[in-house]
Structure formats: structure tokens, C-alpha cells
Amino acid sequence: MCLAVPARVESLDRAASTAVVNLDGISKEVSTLLLDDVAVGDYVLIHVGYALERIDPEEAEKTLTMFDELKGVEP
Amino acid sequence: MCLAVPARVESLDRAASTAVVNLDGISKEVSTLLLDDVAVGDYVLIHVGYALERIDPEEAEKTLTMFDELKGVEP
Amino acid sequence: MKYVDEFRDGDKARRLAELIRTEVNPEREYRLMEFCGGHTHAIFRFGIHDLMPENLKYVHGPGCPVCVLPAGRIEAAIELAEAEDIILCTYADLMRVPAGRGDSLNRARARGSDIRMIYSSTDALAIARANPERQVVFFAIGFETTTPPTAAAIQIAEKEGLSNFSVYCNHVLTPPAMRHLLSSGEAHIHGILGPSHVSTIIGSQAYAGCCNDYQVPLVIAGFEPLDVIQSTLMLVRQINEGRFEVENQYSRAVSQTGNRKAQALMQAIFEPRAMFEWRGLGGLPDSAVQIKAAFHAFDAEKRFGMQAIDVADIRGCICPAVLRGVSDPVDCKLFGSICTPEQPKGACMVSSEGACAAQYSYGRYRLGGKSEI
Amino acid sequence: MKYVDEFRDGDKARRLAELIRTEVNPEREYRLMEFCGGHTHAIFRFGIHDLMPENLKYVHGPGCPVCVLPAGRIEAAIELAEAEDIILCTYADLMRVPAGRGDSLNRARARGSDIRMIYSSTDALAIARANPERQVVFFAIGFETTTPPTAAAIQIAEKEGLSNFSVYCNHVLTPPAMRHLLSSGEAHIHGILGPSHVSTIIGSQAYAGCCNDYQVPLVIAGFEPLDVIQSTLMLVRQINEGRFEVENQYSRAVSQTGNRKAQALMQAIFEPRAMFEWRGLGGLPDSAVQIKAAFHAFDAEKRFGMQAIDVADIRGCICPAVLRGVSDPVDCKLFGSICTPEQPKGACMVSSEGACAAQYSYGRYRLGGKSEI
Amino acid sequence: MSRLDIERGVVEMAHGSGGRASAQLIESLFIRHLDNAWLRQGDDASLFDVGAGRMVMSTDAHVVSPLFFPGGDIGSLSVHGTINDVAMSGARPLYLSAGFVLEEGFPLAGLDRIVASMARASREADVPVIAGDTKVVERGKGDGVFITTTGIGVVPEGVHISGDRAEAGDMILISGHIGDHGTAILSSREGLEFATAIRSDSAALHELVAEMVNVAPEIHCLRDPTRGGLATTLNELVRQSGVGMQIEEGAIPVRAEVRGACELLGLDPLYIANEGKLICICPAGVAEKVLSVMQAHPLGRDAAIIGKVVEDERQLVTMKTVFGGLRVVDWLAGEQLPRIC
Amino acid sequence: MSRLDIERGVVEMAHGSGGRASAQLIESLFIRHLDNAWLRQGDDASLFDVGAGRMVMSTDAHVVSPLFFPGGDIGSLSVHGTINDVAMSGARPLYLSAGFVLEEGFPLAGLDRIVASMARASREADVPVIAGDTKVVERGKGDGVFITTTGIGVVPEGVHISGDRAEAGDMILISGHIGDHGTAILSSREGLEFATAIRSDSAALHELVAEMVNVAPEIHCLRDPTRGGLATTLNELVRQSGVGMQIEEGAIPVRAEVRGACELLGLDPLYIANEGKLICICPAGVAEKVLSVMQAHPLGRDAAIIGKVVEDERQLVTMKTVFGGLRVVDWLAGEQLPRIC
């Protein structure tokens, strides 16, 4: 449930509480009403035209690092 | 101006002040609000969906008779 | 078609025409104004003029409701339709009549206004009943023939309490226009083919004063070709005999006093309008009707505060002179080149009763020039 | 696609799966409920189940907003759209969901109701602004992820004084449903793949009590296939180790406390609903929200006096059992014959998150039978 | 196989999606009625063999309102209309294609009736519909059903029929009463309803044409006077050929009912549409022979010679009225609408 | 001669009346752009010579919204679409016809742009539009412009391409990236607007096809994956041929932007429409040769072998995911709509 995709914030219109986000060459205006302190360059999760939450790059990195335990495993 | 055609009254709906008139096989419902005492069989002049006036058969006959003075005239 | 076919007999027409040819005085001119567009249409559609002697000329009159409606009143209707969320109902005849700047109801409709063509005033009522949440305005035009049906609609709307129905009233009166034409004398008319269906309502006596005052004979003439030719003969005889009476060729439908019920209905709903602008004739006092104060709720001009709009004359269009019987359509430089029924510049090129349209669509064989699409 | 492609790496997926295969205890069963339809979809779309050991089974949960919406509430929306001159706005997902008697919003639209699909609650506001003379009703559905955008729309409408906008609120809450499932115990679940995007709003702590009370491990899992597989491994390990903690695999988007701003907005506009009917689960107390009294003007149920409608269950459809994790779609006799995504009988055959639709559209290669159109 | 509820169902957007719903609609409705090997084959294009020679192609979009009218419906009309346009080159029609634009919400029962009627017309004419396409538009963006048909045919050796071949001296023939189709449509149009026994003349004229070109391959022009009526079609031919025409009002067959309806609404039968009539222009020498063949065919029973082609650099169609007066018969200007004056 | 105010005018009912206004519209707009001897001739049907052989006929109704989109418009689309359907039989397209349904009030400037674009597409493809028809419907009963085009073509000797000829062992090729057209349309659809550099792939594929059948007349099937996308088109072929198919997700060319748009809206590129791509199914022995020819052509530069035909009495299309998992690739169900869950 709840389709949401991570997209990069390209620009912000703080007065209107909107941002233009980009997802692999697709730009779309979304509402930032649900998020304080969004910054250009942030990755945010987009759901029904709203930015739901920021993606934390360090946590993402950590998760990816956990895959390193796969080294040596033969599929 | 004022396109109007003579049509024969086929039936009457006195309550609704309408008549069904017939013009060479074309039947159409018209309003009789502008005419008192319309009778089935009368020919009436139809204009914008209203019966305007009865055609007087005797007067029509008289007019046609006037054409008789044409007898003998060579076109 | 009973009461139609008998009056379209070609053989009788030729005999009648022959009689006219023998009776006309070759030394003089006979300029007969067909007041009504209905006669204009019959003359061209059936080719009556070809049957007439050279010195008898039909002069077109102002009796075409769409032709005499000033562009400004169409413009006002378009403005209303564009400004308010209304349904504007009107007779199809009006759709192509030029308003200002090449505009028309047709084009306003194409641009998005809700403009609907109706066949009868009862259709406008039906639309109002079916759309209670919207205002329905009936753009009404016409002479005394078409006025009673409008009056009937207002009466019904009042009875039903149809609060979303109103009428943009543009009904005009025949006798004042006729008086105006005769008083100016510019058209040099020797006789008048009098209105047929208008007269069924107002009666033949309505013209008596006019004929007397201006010493012009008038024959109330039916719209079928034999009616027109017979009435022509009657006029020729009056002229030859120096009479200026009201005669009634169309006695099968027209009485002396007209349709009293329709007259009463008109009087119940309408009252004279102090001044009304006619295309061609200018402002004429007491030449039109307006909705009485008691029915103001049904008067679109009042309800929507409609304002008269001034639309500049079309450059080169001589409609005004054509409608006064002073000029012939072919005198117009735009006729058939810039102005055609497809892209009419003036109102007279729209209705098939308009003198220019009748001339162009039916009478062009008399003229030169290649026919273009 | 950053933060997407890294989590769809097929090679890593196979290695992770291998690890799971080595770590599972071949002597026991692992029944893991993917609570969310998003996980169901990922499992079938990417073919994750084929990578899993035989004794590890994904059990589908009720986490698909359109699947759990009772037919009666769709029926009520259709009745409203047909009775009043409204514009009904809704997410496209809802359009094909069966209401009673084979009806759907799609069919109501085809019959003439003005039903419009929107992408965002802001679109519903835009429609309301563009149609001030008509009532615009937003048929809102969804879990805690989709609720804040609805709250935002109501807040904006109030600020703007948008008096023709209202919301038919069908937002439901995740933890009560989860508790209900665990308390019944019928699904025999050993671990839960916890909601990803719901958790971005409500935070990971929201499940702590649940896990404790029912001694079931839960891993909040992202929706990408590697997320699902990694979370599966994490669950296997908890199960093997006898732990029942809330772990957060989706830490890149989910914090312990969630999105406080979104939570505050929800609390400003909504309040718990004493009782809400779920398809499959029945009436659950405090399992949904309703619009607070202060915003009743924006509550379509209040504004239009909408009544709950009882729609009989579809004969043979085992959606309720599927949504409770008790049955598998293929246990349904209608599956793939009478019931297909084209002509769904139950809600689970509509959304591509619905367990039946996912099974049919993506997983049918495991079954026999010729594919029909 | 049919999962369509033809009795109670309506057209839905999904029926135009190109997916399974589209396939169901095509199989259980279109192919069921129009059944032939080409449609069953289900390819993007349909294959057929031809011999070397001259072919023709013609297309017409059909948007009639109302969809069902006395004497036909949009289905039969769309078959007849295109067969006729192909036949007006003297050709033998071979195949038709049909493109449908359906409005969301249109009852499947109505569509079923239309396609059945189309299939009947196609069978009776022996011209199969071998290719088709269906699109669905949202409610309010269409008007029930639009059908665009395209036809191809082969022209017999020695036949050279075209609108630019009318010559001074040629005779002008009409295959029967004019105005029936337009009158039938008017009679059932909303807000204008009147009762009449008049039915649309909608019919496929290719067999009549085949007999005509058989006896008189030297026919110069054939054309079906559809939209715009006899008047407009004669003007088209006059313009193409650079000639003039003179017709006789009294010679033109018009039914009493059509005249009646025209008088009532202020219309002219010359401008009323026909869908089963043709105008033939041929050298005077063969006119009587052609007329006999026409009159011997059920669809030309009331055929008549109505005038002749003349030299006229003004390119006018003129008509001798029953009075002996003369008038121009012009192109239709604007739309053909009822008038009050 | 033109009395049309193309710059500021709009379509009026009279333009569809069949009278003088119709003639003006056709002469000053349609014929001006699509100019050729057939249209200038002005007959009901257009004549051409053919040699003996096998011909094909195909038709498509075009109702795209919006009418203008990145990379094309309904005019070019209506030419490409039908040329492609003709070409998918291996045929060389010869001629097109076009039937227009115009909505009252549509700007003539927009119509002019559409017809100009159509003319350009037709010229570039060297397939003339030789017959046409135009109807006008009242405002609110259409959607600007609908265009139904029909095409005919000739099939070269030795070519036998049909959707029912796929055989187990055949290879499945796609001529390039999928989903461009549908993504471009979505990006400009009201209420869904997003910015992207993606343009419709709308293109005429007949020259590519000519080269393919030239090197490999033994090609079994060709089809353009339009509405319903690659997924639905493969299912159609599976059904026609009574086989199964296995494709490789990783082998299917999809642009990043198309994937992005699909992720954002919850769609699947496999179901997104294409208007300049083809699926080719051929014996494995010629697959590489066909692929080379495709890749050497500008419209097949990114062609790829994406899978193979297998025996499968269940008639399923299955796909190996990039994971190594397997999934069914089903027909499109309902419409392709953005989803939230």
C-alpha cells in the first residue's frame, strides 16, 4: 500500500510550500506542507503529490553496507 | 416574412390547447392558444408552432374563381 | 397541399401575367413595393419577375424581421450569453445574422456560449422547465405574426411560475414602418403588396389610414405565387384607375379586424415602446413593443440590465437603402463578391427573405460573373 | 533511480536468498505476513517467492486500502453522486472496486455521474475552485500515509473558505488492524513484514506494544525487493533466536517517532472514529478517523447526510479470509474463472496490491489452465 | 467466452484501453456480427488478392443524430454511404473497413443493434467489413457512436466516370424521389418531432450502378446527392466540369410528405440529404437507355431526366420553375435549418 | 479564394453542412496541405492503378488527448498509426484515406496545424492521403478532432506475416525503447503534468519493415505495441498463435525517464503505449540477421532480442525478472491509470 517514490528536490517555493522534484529526468511539482526544512538536494518520498519524508543518506548507506555480509555467499 | 402554412386539423386536445395538424402526410402538434373554436377538419395557418388563423374555404374558393377571368387569355 | 398547390399553378400564372401585360400602361412605370420578405422570396424562388412587363418593377421593402434588427441588439444578446451562465434560445433565422466585427450568434455558439435554436416559443419554455437551475432567455424577434406566440409563452411562464424564463423582446410593428417609408417618399412607390400573415393578426383595416394619408393603393397579398401575381394585377388596376384603397386578395385568411384573441393577448403582455431602432430606417417612435411592467420578471432587458450597444455600420453595405426600397442589392459594391450568403456582411444577405440573399441565391442568372465557392 | 535501483539488484537478491536458505531451520515453517499490499506487489512483480525456501511462506495481510474498504461505502458514494449534482473526486485505484450488484464507480461514471480521477488531494481543491457553483466531494481512502494529504486539503479549504469542498473520509489506522489479526491468531503468523510508508508517518515505535503483547517479531521493510528479502532474513533470524522485537530495515525513511508535523496535522483535523467496518475484518473499534466537529462543514457524510449502506457479501468470494491471512487467493473457487482483474468480484482482485490480483496477474505461471481473454 | 453484459451494460473507458476489455468487446460484439475470415484472423491489416487494374478508395465519417431513424441507423448508413461513394466512380466495391469512436456510457445494447444492422447491410450488399478499430472517449466528448468507413473497389475496363466530365449537351438524371433521408432524420430530431411515414432512402446503389455502366460505359458522371442535397451536388459537378446546368422543377421527383415537411419548416427539398439516390450525367444519346435500366431496377424505379448540361462560363445551375420562371439553384449556404421567415 | 479566417476562426456547424462552407474548408485547408492530384480531383472516390497480387487494408480511429503532445500530434499520429498497421503485414503502404470528425468551436488554427503535420508525415513517408471526409459535431459532442485513417498496401511475394504464425523456438525482438509515446502523452495530460524530455516515438515503420522482410522474408509476426503496450501485444500474439512466450526483463530497452514516470505514477512500462516500435517474431536462425538490419536503421537503433516463443498450452507470457524471479505478463486489465497503492 501507499505507493511512494524517492525523488530529488530541485527547487523550493517556500511561500507556496511546494517543491519541484526530479526522478530520473521526470520533474514534478509536489507539496511540502508535511515536511519542515526541506532543502534542495534532499531526496524525499513522494506520495499522492506530497513529500512524506526525507531519505536519510547515511541510513541508506548503512542498509546497503549490510549487504556486504553477502560477500562470499554463492547464489 | 412570417412563414406560415395551411394544415388540416386532425385532432384536438382542448384541455392542453393543442391540435395535431396534417400537411400532406406530415403530422405535427401545434398550439391553439391563439384561436377559439377550432374544429377538426378546419385548415389553419401554422406559424412557429401556433395556429394563427383559420382558412376560410369560401373565400379561398372566391379567390380561385377570380382566376376564371383568365379563361381565354393566351399566355 | 391544399390551399398551396392551387396557388402555384404555372399555367394560370402565365395567363395572369399576360393579363397584366395587356393592362399595364406602357407609357408609365409601376413601382410596387413588396413590403414583406415573404413576397420577395416568392418572387425570386418562383421567378415571378420574369413574367412581368419591363415597366413593372418590384421594390423590396423592410418586411424581413431579421433584416431590420439592428446589429447592436444581436451584439447585446451575445454579450449576455458570454457574461452570464444562460441558455439563449432563438429562431434559427437569427443565427447567422452579422453582429459587429463579423460576429454572429453562430460564432458565439461555436466559441462556447449555450445558444440553442428553437422552432417555437413553447420549446424555450420546455428548455426552461428542463433546466430549473439555469436562466433561459428567449431572444424573440418578428412582426405582429410572431408576437402573439411570444406573448403566449410569457403568459404560460407566469401561470407556471417559471422563474428562470425571460424574453429579450425585439418585436416590431408593421404600420409605423410603412408610414415612415411612405412619408419619406424616397422609394417612389406606386402601390404596395401588403403583408399577408401579419394581416391575419392585425386585420386589413390597419392599413386604411396609411393608404389614405399617402394616397397609395395597397393589396393584402398571399405568399403563393398566384397570390402575388393576382395582387399585382389588382394593384395595376388601382393605379390605372387612380384609386388608393386597401384591397384584400388574401381574404381566405385575412379579415377586416384580424385575430382578436391574438390581439388581446398581445395587449395583455406588451405595450408600445417609445422608440425602437430599425436597421435601415433608424429610430422610429411607437414602432415596437415592450413587456409590460407587470411582467418585468420575464423581461430579459430588465432582469439582466441589458444595455443598447452601438455597432458601426458595415462599410460599403447599403442594406439601409435596400430596406427603404431606395436601392437594389445589385447596386451594392459588396454584393456577390465580399458579401455572399456564406459570409454575409449585411443582414439582407442572410435570410432567404432578405432582398440581397434572394437576389443572390435565386436571381443571379440575370447577372454576369463566375460563381465561386 | 537513486534509492531504488540499488535495492533492485538481482545478484544481491540471489545471494541474500541463499543466505536465508542456509539460515532457515528446515524442520519448521516460517509464515511471514506481509502486512502491506506494497509488499505483496513486490513479491509477485519481482518473483521474490521463487527465491525463498519451500518452508518460508508469505501470508498476505490487509494492508491494501481499496481491499479493506467495504462495498457499502462505495455504494454510498455512488448513491450520492447519482442523487446530487456533485463532482466526486477520487484516486483512480477506487474506480474499478466492486460495489453491490456488479456496480463500481467506473460504471456509475459511464452511466453519467460526474466522477473524476485525481492524482492528489490538491487536484480536488483545484476542481472545487474551478467549479464554485457545484459541490465537490473528495472520496478519500488510505492508511496513515494518505491521511495527512487529506488533512492538508481540509486545512487549505478552511483557510480559503472553499465552501463547496468536502471529504468523504475513509481513512483507517494500521495498528488496530494488526492487533486484531494477531489477537485472533487464525493466520498462524511467525513474523510480520511491517509497513514501510505508513511507518514514515507513525514511526517504528507504534508497533512495539503489538509485538510485545503477541510475542511476534516485526521488521519494518522497504518496498523494494532487496528490502523485502533483507527484512525476511531479519525476521528469520529473530524467529530462529526466539526474539519478538520491532526492527527497522527501512531506516533510510522511517524514524522511531515518525513525521511529527504530519501527525500534528492529522490530529488537528481528525479524531478517532468509535467503530469502522473493514472488509474482511468486520467492525473494529478506534480503527479509523473521522473529521472533527470543528470541520464538519467539510465532512461529506455530515453535509449530505450520507447513510451507511449494507451490501451483501459476494457469494463464493473469500476476500475476508484472504485479507485475514487465513486463505490464499487460489483457495477461492471464483479465482481466475468468474473473478479476474477485468471483471473482479472481490476487492482483492482489483488493486495490483490486492492479493488476488497480484496472484492472478503476476503469479499465474504457477497454476494450470488456459489463459482466456 | 463473452463476458459482456450486452443487455444491460454500457461502454466503459476500459473497452477502449486496448487491453482485455477491448478484446472482449471486439470478439463478443463486433466479430460476432460482422463475422468473416479477415476479422477472425485478428491481424492489424487484412489481406486479399486483387487482379491488375484500376482501383478506387473512398472514406466517409458518419455522425448522424439521432443514431436510429425511420428506415435505418448509423450502422446501415455507414455501409451504404461508403459503398455508394465507391460505386459513384463506376467501380464494383470489394471491401470495407470501419473505425468506431464510442462514447463512454453508450448502451451496449444500442451498439449491438448498430453493428448487427451494419452486418446486415454489408451482407446484403455482399461487401464485407474486413478491418476495424474501436476507440472510446469520455462521456461528453463524443455523441454515442461515430463510424468512419472506408471502401475500396475495382473499376471495370472502359469505364471513366468523374465529376469533371460533364459536357454541354449531356443529360442529367436522378434515380428517384429526393429528400427522403433528410426528412426522416428531421422527423426524429429532438425538438422538431413530426410524424410521417417517410423513411430514409438509405441503400447501397452499386448494383444499380453496375447495370447502368454495363449498358452505358460512356456515362460521364455519377454522384450521390447526400449532405447539401441535389442542389449542392449539382453545383459541385458544375464547378468540377466548368459547365452550367439547367434543370426543370417539374421533372424532379419529390414526395408529397417531403414537400409538406419542407413547407412547414421553411426548407427546400433541393437541399435535403439523400442516402440512396444518384445523379447520372451522360451523353444525350444514351440517356433514354440509361433511364430504362434505372427504372427497371428497384432502386431506380422513379428515375427521371431532370435537365441538361449547358455551356455557362458563370458556372450556374439554373432551374425552370413550374411557373416558367427561372431561378438559380445555388450551393447550400450555412446549415439547412428550419426558419420562421 | 480562401474565405476562411484560419488565424482567428473556429469550426462552425456550417463547415460540416456539405454546402459552400464545407467546400471552402476542404479547399482552403485540407487540400492546401494534403495537396495531390486525387484530392484536387474532388470525386467521391479516388482512382489508382494496381498490379495483380496480395493487398492489405487497415484502419485506425485516432482520439488522442491532448491533441498536441511532445513529439507529435493527432495529425502525424494518424498517418504513422495506419502506415504501421499496414506495414505489420510486411506490406508496402500505398495510400491513405482520412475521415475527420471536428467539434464545433475548435480553432481553425489548430486544425491547420494538425492537417499540416499530417501532410508532412504523409510526405515523409511517401504515402499520400488520397481520400477524405469531414464532419462537424456540436460543441460538447466531440473532443476537438478525431481522425480515422485507413491504409492499403501491397505485400511482397514470399512474405507471409501474421499474428498466428509464432512457433515455439522463434525469437522475439523489439525495435527499441518502450513506453515513450504513452509517457509523453501522460506528461501533457491535464491534472497529471510533469516535465520530461521524453517525446513520443511516433514514426512510420514501413521502411524499417521493408528492410527486415528483404533480408528475412521468413519473419513470422510483426506487430506494433500501441494501446496496451508490449505486454498486451505479446498476449494477443500468444492467443492468436496458441503458444507461450518467455521474455527477459533485463533485455527490454526502457529509458530512465519512462521508468521514472512509471514509478511515480504506479504504472508498468510494459503496458505503456508505443507508436514507433514493432515486435518481430522470427525463426531463431534469422534473429541475429534481422537484429542487425534493425539496429542499422535509425528507427531500430536500440533493437533487442527480448525473449522467445515456447510451447505453453496455458498461453501465458512469462517474464524472468532482473531478480531471476518469474512473473506472468498479463493483458492490460481495465485502463492504465495512475495509482496511489
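For reference, chains read A, B, C, D, E and F in written order, and residue numbers begin at 1 within each chain.
To be clear about the criterion, a contact is a pair of C-beta atoms (placed from the backbone, for glycine too) under 8 Å apart; a residue touches a chain by one contact, two chains touch by 3 or more.
Chain by chain, the UniProt names read as follows: A, B = Hydrogenase expression/formation protein HypC; C, D = Hydrogenase maturation factor; E, F = Hydrogenase maturation protein, carbamoyl dehydratase HypE.
All values derive from a computational prediction rather than experimental measurement.
Under the contact definition, subunit A and subunit F share the contacting chains D. Common partners of subunit D and subunit E, by the touch rule above, are F. By the residue-number overlap criterion, the interface of subunit E with subunit F counts as same, with over half of its numbers used by both chains. Look at the CA centroids: the one farthest from the centroid of subunit F belongs to B. Chains E-F form the pair with the most C-beta pairs in contact.
Between the Cα centres of subunit D and subunit F there is a gap of 37 Å. For this pair, subunit B with subunit F, the centres built from the Cα atoms lie 61 Å apart.
Taking the mean of the C-alpha atoms as each chain's centre, subunit C and subunit F sit 55 Å apart.
Residues of subunit D found to touch two or more other chains are 1, 4, 14, 37-38, 64-65, 91, 106, 119, 123, 142, 146, 340-342, 353, 373.
Residue positions of subunit A touching 2 or more other chains: 1-3, 5, 23-24, 47-48. Shared interface positions of subunit E, defined as residues touching 2 or more other chains, are 13-14, 19-21, 23, 256, 259-260, 263, 266, 331, 333-334, 339-341. Chain pairs that touch one another: A-D, A-F, B-C, B-E, C-E, C-F, D-E, D-F, E-F. Subunit D contributes residues 1-4, 6, 11-12, 14-19, 36-38, 63-65, 91, 119-123, 142-143, 145-146, 148-149, 152, 195-198, 200-201, 223, 226-227, 230, 249, 251-254, 259, 261-262, 265, 353 to its touches with subunit A in the complex. Subunit D contributes residues 1, 4, 8, 10, 13-14, 37-38, 44-51, 64-66, 91-93, 95-96, 106, 117-119, 123, 126, 142, 146, 225, 340-342, 351-353, 357, 360-365, 368-371, 373 to its touches with subunit F in the complex. Only residues 1-6, 8, 23-24, 31, 33-36, 43, 45, 47-50, 52-57, 59-60, 62-64, 66-67, 69-70, 73-75 of subunit B touch subunit C when the two sit together in their complex.
On the subunit F side of its complex with subunit A, the touching residues are 187, 193-198, 255-257, 259-261, 263-264, 266, 339-341. Looking at the complex, you find that subunit F touches subunit C at residues 1, 3, 5, 10-14, 19-21, 23-24, 27, 104-105, 139.
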